[in-house]
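Sharing a structure with you now.
Labels run A, B, C and D following the written order; every chain starts at residue 1.
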Amino acid sequence: MRVLFIGDIVGRPGRKALQRLLPRIKSLYGPFDFVIVNVENAAGGFGITQKIFDELSSMGIDCMTSGNHIWDKKEGLSLLDSEPVLLRPANYPPGCPGRGSMTLKGPSGELLVLNLLGRTFMYDVDCPFRKADEILQGVQLPVLVDIHAEATSEKRALALYLDGRVSAVVGTHTHVATADEEILPMGTAFITDVGMTGGHAGVIGMHKETVINRFLTSMPARFEACNEDLRLNGVCLDIDASSGRALSISRISERLEEEAYDRR
Amino acid sequence: MRVLFIGDIVGRPGRKALQRLLPRIKSLYGPFDFVIVNVENAAGGFGITQKIFDELSSMGIDCMTSGNHIWDKKEGLSLLDSEPVLLRPANYPPGCPGRGSMTLKGPSGELLVLNLLGRTFMYDVDCPFRKADEILQGVQLPVLVDIHAEATSEKRALALYLDGRVSAVVGTHTHVATADEEILPMGTAFITDVGMTGGHAGVIGMHKETVINRFLTSMPARFEACNEDLRLNGVCLDIDASSGRALSISRISERLEEEAYDRR
Amino acid sequence: MRVLFIGDIVGRPGRKALQRLLPRIKSLYGPFDFVIVNVENAAGGFGITQKIFDELSSMGIDCMTSGNHIWDKKEGLSLLDSEPVLLRPANYPPGCPGRGSMTLKGPSGELLVLNLLGRTFMYDVDCPFRKADEILQGVQLPVLVDIHAEATSEKRALALYLDGRVSAVVGTHTHVATADEEILPMGTAFITDVGMTGGHAGVIGMHKETVINRFLTSMPARFEACNEDLRLNGVCLDIDASSGRALSISRISERLEEEAYDRR
Amino acid sequence: MRVLFIGDIVGRPGRKALQRLLPRIKSLYGPFDFVIVNVENAAGGFGITQKIFDELSSMGIDCMTSGNHIWDKKEGLSLLDSEPVLLRPANYPPGCPGRGSMTLKGPSGELLVLNLLGRTFMYDVDCPFRKADEILQGVQLPVLVDIHAEATSEKRALALYLDGRVSAVVGTHTHVATADEEILPMGTAFITDVGMTGGHAGVIGMHKETVINRFLTSMPARFEACNEDLRLNGVCLDIDASSGRALSISRISERLEEEAYDRR
């Protein structure tokens, strides 16, 4: 079973990078049983809307994970209830709209996708470790976990905690790909962060000027998605469908050539 | 001018990895004009002592940078005043012992090393952006900056802010190497984090059991350095000594083979 | 010299409480040389606008201090530059609009008002302790400091640090009055927090339902000012105009009777 | 039913204040059905030991609550399991030693004491709101809740959430008494913080010099309990034993006269 997992799509530039680069990636590294994309920043960097959900769906995405920004657009909240392929972290407390996991069905079998949120430097949600225990109870591998978190320690601790119980733990949220992809001792593929998809000339997907200015002044600021140096970041995972063990994890980073996009 | 920068040395395993692997790295990628190492975790994961400072000095280190953990051992405080090659972040407030920058002199010229601390999710220190402005006033390139920080956004924002004014901005503190090394538009080499040097089987250099347990219980815990899967992480930088521009930045990650070390 | 300092005005209910109760307070505890009000939450709980600034000005306020929420309404930013009586914390970095201190002139002499922001659990601004040192250099007493901060320790540490160098240190931001008003050993009046002015039936000035729901779900929420149980909180300070020492500090808490306001 | 609740005992000065002042308070405001004391800082400011537990027990304390500092002394951990009157916040995750609630039996009936920890600006524990729901399921009033938390909003939101379901919600942890004690609409007594018991000349119970120095330098520091201006802070609660509703809540603040203690 081959799975493509793509990191946080940031705004219009992120969607453009995805649309233009996905075919090339499919032809280079595919075919994929499943394409999974983190969409928490798809709408201008903050949340998701119906229109953007439809746009992404039309690109052949099988499952959309998310994170802390999923609540930023009001439209996104109803989508979480109506669209089974759109996930929010499972450890948001009871009473939040949406679901945190789903099962994909493909040619070589099923894959459970589980979305979790870290707490260190983030939000007061339920324990991601125990929420994983709860959801994985009696579940069959293969399982892929998107741990959306800030701290490297929390992501790796979760991966080691789940080692052998899931097929892969892939990190999102910092928007910078890490160089530590590996197969853990009990067969779980892990990477601290897969990086983001969007304009890489700025700061984690946003125009550099406003971000630098916020660090200089500590005043709140309106960020806009950066539209230069568009790249797609993700990982390609090979999973043994019968054992659920990961066979390989490799980083994918593709750049959209300048002539290929107009800078709107 | 070729510079080797090595990420946070974690405890005895980190020192062992450094001692055993440095000669190999020198022969593979050297000779280096300067070897710079972040030592904030050199003593059992927390700070530095006289004995460990001497041990590291004997390995041929030209400059030691550090970070938030430099204060953890009382001995370290007096070392900061007595040892000019040992730095602490320059943007700790006036009144703290030690220095935040120094000039190295080598065969192809001088290199200013500047150590800074990020503030996001960290500590209430002076602004690293303005402290860099202040120190770089009238300074000649080449300059290397170790930005010890948690947030990817703060590190990259600083690098873009300093682009063209320093030769390199290398990140430390998260203990996980990122895959985003590049030369920024105005000639500054950048990487969000160079990763750490020590046991990679645990969680960012520490035994996995205690770290996982802390995430599960939120109780304070005593961490111990992990002694398995010893690796050294860093970057090799080529800097044009006359212009001060970076010519290249490449990640280095070397593993100490099992037979080569005993697991004390 | 008698000074009335009133805590954070929260939205329309806060402005109503101020307008209706200020005359009564003046007749009960006045006359006051100066009336100073923290206005960071005056516009719907978040920032200030031209219209609301004018409304407050017409009530006979001599100086308006603020805090972290002063940036929330775009209009507020230009007011900070155009209106000398409107302050923002002085330790926001250079480059921010506005001023952090001003001198009031009254019948029994001048009073310097200094607004500062705490950093613990708050924002990465300049050190409030050293900013106070800088501004107080060569300044004549009396001086009143509004320390807008979260942590009790930071507020009291600042007050003890400034004891004898200013006439009063009054805390704001937590919206709950503390019962620790006192004259410190060297003559500085201090209270950790003066509390807020607005609807006290909710949670720190906001409708209880949305606040409770945010704690239950960790989802972002739009808060609205609470309109029940309107009260004004502040302190009355007596300062010896020649020595600048505080003679007394007493808490004021007045409730607007139900019949006196309509619940729009 | 009359209950005396006393805020965080800080170190030896706090224990001395408790021992010397408790008899006077009992004679002034008693007799009390129950005396409850928060002991998280009883041992030098950090945690508790066997010796100090015995010392406090001998003073006639019926129940000891605590907070985030309860884990600071290793001895405290085993006490949590062996001593039923010593509580730690109930919303620490499963796997932590100790208990978070207990039932006191007295002349006018039983009282359930429930200890909870806030999460805002604090630690990643289980949701205190839902943990309260869980423990209060089927429980008879009267119930007293010690909410040990930093943010005023979280404490008041919890009190309003539990209004009518418990007899009292008293806050601890900030070490500064608030002036907002009241009976909420459905009959629950509430105060944001009862303040601390110990030396009030310093900063929240600690020597002022080290605390100020930490704010100035951001370096870690060893704090020592302040031994000047010893005071005891708490609240006296009257609860209708049959309905469980609070009849009154009043703040108690007693100072130990200088001659009454030696400054060891």
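Following the convention adopted for this analysis, contacts are C-beta pairs under 8 Å (C-beta built on N, C-alpha and C of every residue); 3 or more make two chains touch, one makes a residue touch a chain.
Owing to the predicted nature of the structure, the values given are computational and were not obtained by experimental measurement.
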Pair joined by more contacting C-beta pairs (B-D or B-C): B-D
Shared interface numbering between subunit C and subunit A [over half = same, under half = different]: same
Inter-centroid spacing, subunit B versus subunit A (mean Cα positions, whole Å): 29
Centroid spacing, where centroids are CA-atom means, of subunit B and subunit C in whole angstrom: 43
Shared-contact residues (touching 2 or more other chains) in subunit D: 93, 124, 127, 130, 215-216
Complex interface listing, subunit B residues touching subunit D: 71-72, 92-93, 95-96, 123-125, 215-220
Residues of subunit B defined as touching subunit C within the complex: 93-94, 119-120, 124, 126-127, 130
Touching residues (chain side subunit D, partner subunit C) in the complex: 121, 127, 129-130, 150-154, 156-158, 160-161, 174-180, 185, 192-193, 195, 201-204, 208, 211-212, 215-216, 251, 253
